[in-house]
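We just call them A, B and C in the order they show up, numbering each chain from 1.
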Amino acid sequence: MSKEPYISVKDIHKSFGKAEVLKGISFDIAKGEAVCIIGPSGSGKSTLLRCLNGLAEIDRGTIRIGTHNVHEIKTDQQKIALRKDVSMVFQQYNLFPHKTALENIMMAPIHVLKQDKQEVEARALALLKKVRLDGKEKHYPGELSGGQQQRVAIARSLAMRPSVMLFDEVTSALDPETVKEVLVTIRELVDDGLTCVLVTHEMGFAREVAEHVYFTDQGVIVEHGKPAEIFSNPREARTKAFLDQIL
Amino acid sequence: MRGLNQIATDLPVLNTAALNRIQTFAGGARLTLTPALGLLLIACFAASIGVAQAQAASGHPSVLATLWKWMPLILKGFVFNIAISFLAMAIGTFFGMFLGLAQISLFRPVRKGAWFATHFFRNAPWLVLLFYCMFLLPFKFTLFGVTIPFPDWMKATLGLSLPVMANVSEIVRGAIQSIPTGQWESAYSLAFNRRQTLWMIILPQGVKRMLPPWMNVYCILAVGTVLASVVGVQEVMTLTGDALSAENRPELLMPFYGFVLLLFFAYCYPIARWTVAMERKYAVKI
Amino acid sequence: MQEFFDWFRWLYDATGINLTIFYDSFDRSRFVNGFLTTLKLAASCVTLSVAVGVVGAWLQGSRLNFTRRVVYWYIQLFRNTPPLVQLYFFYFGIGHLVKGASGVPLVTNMQWAIFALSLYAGAFNVEIFRSGIEAVPRATIEAAESLGFSRLRAYVLIVLPLAFRISLPALNNNLVNLVKTTSISYAIAVPEMLYVSNQIWSDSVNVPEMMNVLLICYVSLVGILVWLMHKWENAMRVPGFGTV
């Protein structure tokens, strides 16, 4: 079954001023696949994610996600259309502090997708239940723990019913005890068949959940493969050195 | 102020309590009114009455009696100052808000124009702007065939609203820029457009940060309304001056002006306290 | 040079825009003197107010409670009352008491203006310098002392340079405000730019032209000052040290 990959990234380059951060990255992701990107800080992982949902623009190369040609997107309209399909969850959760958890989840579907309020509320409550936060609808982000806030952020992105979810080191800012609850939530999403791209430091999680792992260093993909291969038998010296430090 | 967030080290490189004090200075002059000042003013006032009384030639009514005689007029003038301050604040805030938003516009000419206007009116002395408005605005104008008089105090109000507008513009811009970029990013990632992000997410969070400096601008404006006396508006200073020349007793100068100072203190002090309380309540908890 | 000035006479004839400060030598010299007076006022007030600030900040750290109290009252009084009223207080209130033997006032209005405005801005400066000094944490001073610096040396070589850099933005803001505030000395007939312009437009009946010239002059003067201060701040910047 040779399907065209859902996400197709070809030879993208990005520089910030004189510093080149992405030096020719290419990969394909099939629909429903869960992919982890690992690597040392400064290797361009977060920048890569931001290029996928249009928060950063690439200098060279092509990105195709579904029917969106991201490299050709110039207008705000096109960016909004892309972001309805590609959602992102951030390391710092970035919940809106002046709205309750439920309002955070409901805001975008109501104002961006222009959906009916009752329907959105029902969906939002269901999502809160799914991330195991039912009962916390009326709480403000300031009243929730880091792990709880991150789960609300995940629910908020899911409310848009995206076809792709991007996770940018979502557990890095959390206390170790709360990391697990977020990983469990993400795992369930992967099991449900959502296409996920995760940038993470959680090697154990990557090993269990990912179907494909990419190791990046200094703006290029050094090695990629099935998690079992990468973690037990890395081919490249750089991969080995990185994994030795982490594991 | 963003520099503070960029300190990489968490060593005690800077003492943050003192830094907060300096931040307020960097943002502009700050009126800090304390009960101590009130007591000091009352003491000075009482002292000046005492000195004046000592200097008074016999046969003149006492200083306090004279002050009491003129008090209704002076108070009427003071109320007029307050009215001017309300109006100037309202006008300045309204236009200042849009000017502040224009300063972060994506259109370069709008942005540059707003920046220029803001800094032009911030750099011009308040008195010169007052003069400008007094002399160059017409004393009446016709709208749809109706002649509307444009009295002096209205021109002064407009003149005072110009620096207020510039200061509010800077306050709005500063508040918006102090909201972490993560908020913009997550809003964009949820497919909000710029207008929605600004009005539904950024500005509501910014309003709390704008309130204390905005109240501070009001206090400075309230105190600054006395400048209108220089351009001939009949407000508290001119009326006090008139009373003094009617009495023609130089020893009354200090008690009378002291009384005006007390009036302003009594008005601005509660506002300043309220501002401090608000600042504490709305201290950003992220 | 004369052709340049004469062009403005032509401008008046052709368009009615009457800029006497250019083509009339009397008005020209009046305006230039007014401008120079403003500069002189600004420079004197800036210098004196910084001196007041330095001395006041030093006195505020005094061991004597009395000294500290006096500085405190001074700051509270001058920071929280309108500078115009302070000016009137000094010039009218105290001025008429300070008369020489023949009834001639000993202190001119220009001197009162400088005195009052320096005290006004000085009050703010004391707070600014004090906060700057306090923002340098004890740990830095202790480190200096552990290296063998005496208290005075540590203060001069380490605390003051750091405190100065921290205070610079606030100090610049205050000094710019001071230059703007010098215009209130109009009220006591100091012949600075605003006063002189008033005289000129009363004589030559060219109010709009003079008002515009005045506005442009002030905004440019303050603008240049702001730009210079900004350059100075950038030159003094230490990487990684939070600037406000």
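To be clear about the criterion, contacts are C-beta pairs under 8 Å (C-beta built on N, C-alpha and C of every residue); 3 or more make two chains touch, one makes a residue touch a chain.
If you're wondering where the values come from, they're calculated on a predicted model, not measured in any experiment.
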- Message: Can you identify the chain nearest the overall CA centroid, using each chain's own CA centroid?
- Response: B
- At the largest C-alpha centroid distance from chain A we find chain C
- Please work out the Cα centroid separation of chain B and chain C, and write it as a whole number of Å. 20
- Query: Where the CA atoms of chain A average out and where those of chain C average out, how many Å apart are those spots?
  - Reply: 55
- Whole-Å gap separating chain A and chain B, where each centre is the average of the chain's CA atoms: 48
- Task: Sort out for me which residues of chain B touch chain A in the complex.
- Result: 180, 182-183, 185-194, 196, 200-201, 204-205, 285-286
- Note on the structure: Counting only contacts in the complex, chain C reaches chain B at residues 72-73, 76-77, 79-82, 84-85, 88-89, 92-93, 96, 124, 127-128, 131-132, 134-137, 139, 166-167, 169-170, 173-174, 176-177, 180-184, 186-187, 194, 198, 201, 207-208, 211, 214-215, 218-219, 222-223, 226, 240-244
- Item | Residue ranges of chain A touching chain B (in the complex, touch as defined) | 53, 55, 76, 79-81, 83-84, 87-88, 90, 92, 94-98, 107-108, 111-113, 142, 153, 156-157, 160
- Query: In the complex formed with chain C, which residues of chain B make contact?
  - Reply: 1, 3-4, 6-9, 12-15, 17-19, 21-23, 25-34, 36-37, 40-41, 44, 119-120, 123-129, 131-132, 135-136, 223-224, 226-227, 229-230, 237, 250, 253-254, 257, 260-261, 264-265, 268
